[in-house]
Amino acid sequence: MPLLSVQRLSKQFGVHWALREVSFDVGAGDVVTLFGPNGAGKTTLVRLVATLGKPTSGVIVLDGRPLKASAASVRQGIGFVSHQPLLYPDLTAHENLTFFARLYGLTESRPRIDALLGRVGLAHRADDPVRQYSRGMQQRLSLARALLHDPRLLLLDEPYTGLDPVATDWLNRLLAELSQQGHTILMTSHDLQGGAALASRVLILAGGRLVFAADAASLAPGELAAAYLAAGRVATEGARDAGMTADGLRGAP
Amino acid sequence: MTPSRLNTATRILGILTLIAMAVSLYMALIWSPPERTMLGDSVRILYFHAPAAWTAYLSFGVVAIASVMYLWKRKHIWDIIALASAEIGVLLTTLTLISGMLWGKTVWGTFWTWDARLTSTLVLWLIYVGYLMLRAAIDDPERRARLAAIVGIVGALDIPIIHFAVLWWRTLHPQPIAVRPGGPALDPPLALTLNVAMIAFTLLYAYLLLARVQLELTRDQAEAQRQPVEAPVGAD
Amino acid sequence: MTTTREETRAPAPPITTETTRRGGLALYLAQVGALVWKDLAAERRTKEILSAMLVFALLVVLIFNFAFDLRRVEMDLVGPGILWVAFTFAGILGLNRAFALEKDRGALEGLMLAPMERSAIYVGKLISTLLLMSIMEIAIFPVYALLNNQPIRLDILPVVFMGTLGFVAAGTVIAAMAANTRTREVLLPILLFPILVPVIITAVGATAIVVRGGGWDELAAPLSLLAIFDIVFLVAGFLVFEYVIEE
């Protein structure tokens, strides 16, 4: 049984469809990267999985349980790193993590918080207010927050955006380690550099639809790039007659 | 209901409203004799004021019910009904306040007095003006509907509380003795005129509500047709 | 990103630390406690909400003095009103700031991710705002009394507390709503004051009784009215809050 199963998921904002009939599975221990041009619906999708919204139709099943029915208990199993750090700027890193640990019902969280701060390289700044952090530091703290309750599923929305090569490398190694330890990771990326290296499976979303899905191992060189560009063209030109299904695009050169 | 059937219903209701309004106006301004004891011809304002107040309360009641239904069923139509009813309610409350002030000037000699009923009506007006401002300040239709529904419910629950509090407050300060509407019983022809006016206004409310709902549905359709050009969603 | 060489190279220690988890009502209370602690810890560092409320309330008292050229006799009549204008307007300022901070870096979303009843957020924010407003009121009342040559009476405390509780019970819900709109700060007073008319009227009336030296038997009626309003707004806020921040 897959850890996460997204089934015919649709989300409508007003009269605009952000997602249409998206279905895919994520197996336990997988690293899945969801590619797509801006506005493809990637953020909407991970936010729905993170329980930060209600789907218009369709279901999300985590660990055999539909998300809607058991949102509160399901949330224990999810960690989410958003565009925004989701932190309190006037609290220190340590205070932020202590606060969120209490929300997750963790007791005697101090050793765990210290270990996590060390792991994201912020131990020496743990007692500075987050307001004084650089963007990259805030993002690493945000990662520590998402890992605090040891979630089975880690969601990252555009984690590579704005990172320099050193930071990208650091993030890659951390995610690889987490994956080895059995965490399942679902992340989004709008460019092919970020997230492709680690992925065991890649998906492409365009115009709210899933247009490409493949195991990373089975990809021919350049295939992902070609599929992404084709998807991007569809999204910008609005080609309504392209017959765009995952299979149809997969067969394209 | 399909738009075309709604269309027919609106048209029939519009004709009925027109007839009722004409009859009501004739009775109020010409047929009805002046009140004998103290109001005189000023009673004719009452034929306008009392039905406006009644339909105002009716429309806010409808806002509250539609709001509850929206939060329960999450159907867009309930939000449209709440919006339509709130707009009409604010209009009717405005008319109630203005006609009340005119009546007050002729009967009490003053446009305004801070008595319980006037004060509550003014607060009520402010609550639903706030409701419309809240709606105007939210872009996402789902969020707009949800937050507006909360104000729609809380506002209606607040009405009796406000009245209660204002009454207590009034007992603290001495109040000039004033003639209150609905005090002495009206003569039969006057009561009849008032009843006809009530019916006419209720019909008017129903007609405006239907027409406004219809307008909003048409706007939604237009929006939905415009959509694919703006944001392509791929092929089906 | 400013990582030192040493940090990036150091092998990250695996997370093995065992932690235990709470559940049920104990968890709920712990979450509310954490939310209050978080607000107060941030406020202790920045002091921005409290200082803004204090200065603003003082300004209101001052401006009314200019506006009315107050003398002793008139003070008994208009004083209670001035006090409550100062308290509630300063409270609006505090509520707006409190929710602006929640929205600032998406922190409110961080709360939404936690396995937590939405009402815990309501209760937490209500308690922390009530505490901050109470501090402001306790500081402002003696200043107001001194400046206007009024007696400092302790039996005003229950009136102030009950009035403020009603204000915060409704204000927390409306402030959370307003934070989700385009016009934000503008909408809070516009929506809140009409809804709060019952609480403000009763609180001003009760304060007038205190100022004129009325006894507890006179105060019983407005205080019980305030208690009813407080309960209504608390229950409504508790039930409705889930819908306010659901996204």
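Labels for the chains are A, B and C, by order of writing; each one numbers its residues from 1.
Assume a contact is a pair of C-beta atoms (placed from the backbone, for glycine too) under 8 Å apart; a residue touches a chain by one contact, two chains touch by 3 or more.
Model, not experiment: these values are computed from the prediction.
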Of all the chains, which has the CA centre nearest the overall CA centre? C
Sort the chain pairs by how many C-beta pairs are in contact and tell me the top one. A-C
Report, in whole Å, the distance between the mean C-alpha point of chain A and the mean C-alpha point of chain B. 49
Approximately how many whole Å separate the CA-defined centres of chain A and chain C? 36
Rounded to the nearest Å, the gap between Cα centres of chain B and chain C is 34
Find every residue in chain C that makes contact with two or more other chains and list them. 246-247
Could you list which residues of chain A touch at least two other chains? none
Which positions in chain B are in touch with at least two other chains? none
Flag every residue of chain B that touches chain A in the complex, lowest number first. 140-142, 220, 223-224, 227-235
Chain B partner, complex, touching residues on chain C are 170, 173, 177, 180-183, 186-187, 190-191, 193-195, 197-199, 201-202, 205, 208, 221-222, 225, 229, 232, 236, 240, 243-244, 246-247
Interfacial residue positions of chain A with respect to chain B in the complex: 13-17, 20, 39, 206-209, 211, 234-235, 237-244
So, in the complex, the side of chain C touching chain A is made of residues 1-4, 7-8, 10, 12-15, 17, 19-23, 27, 30-31, 33-35, 37-38, 41-42, 45-46, 101, 104-107, 109-117, 246-247
Chain A residues touching chain C in their complex are 50-54, 72-76, 78, 80, 82-91, 95, 99-109, 111-112, 115-116, 118-121, 129-130, 134-138, 140, 145, 147, 150, 163-164, 166-167, 169-170, 174, 177, 181
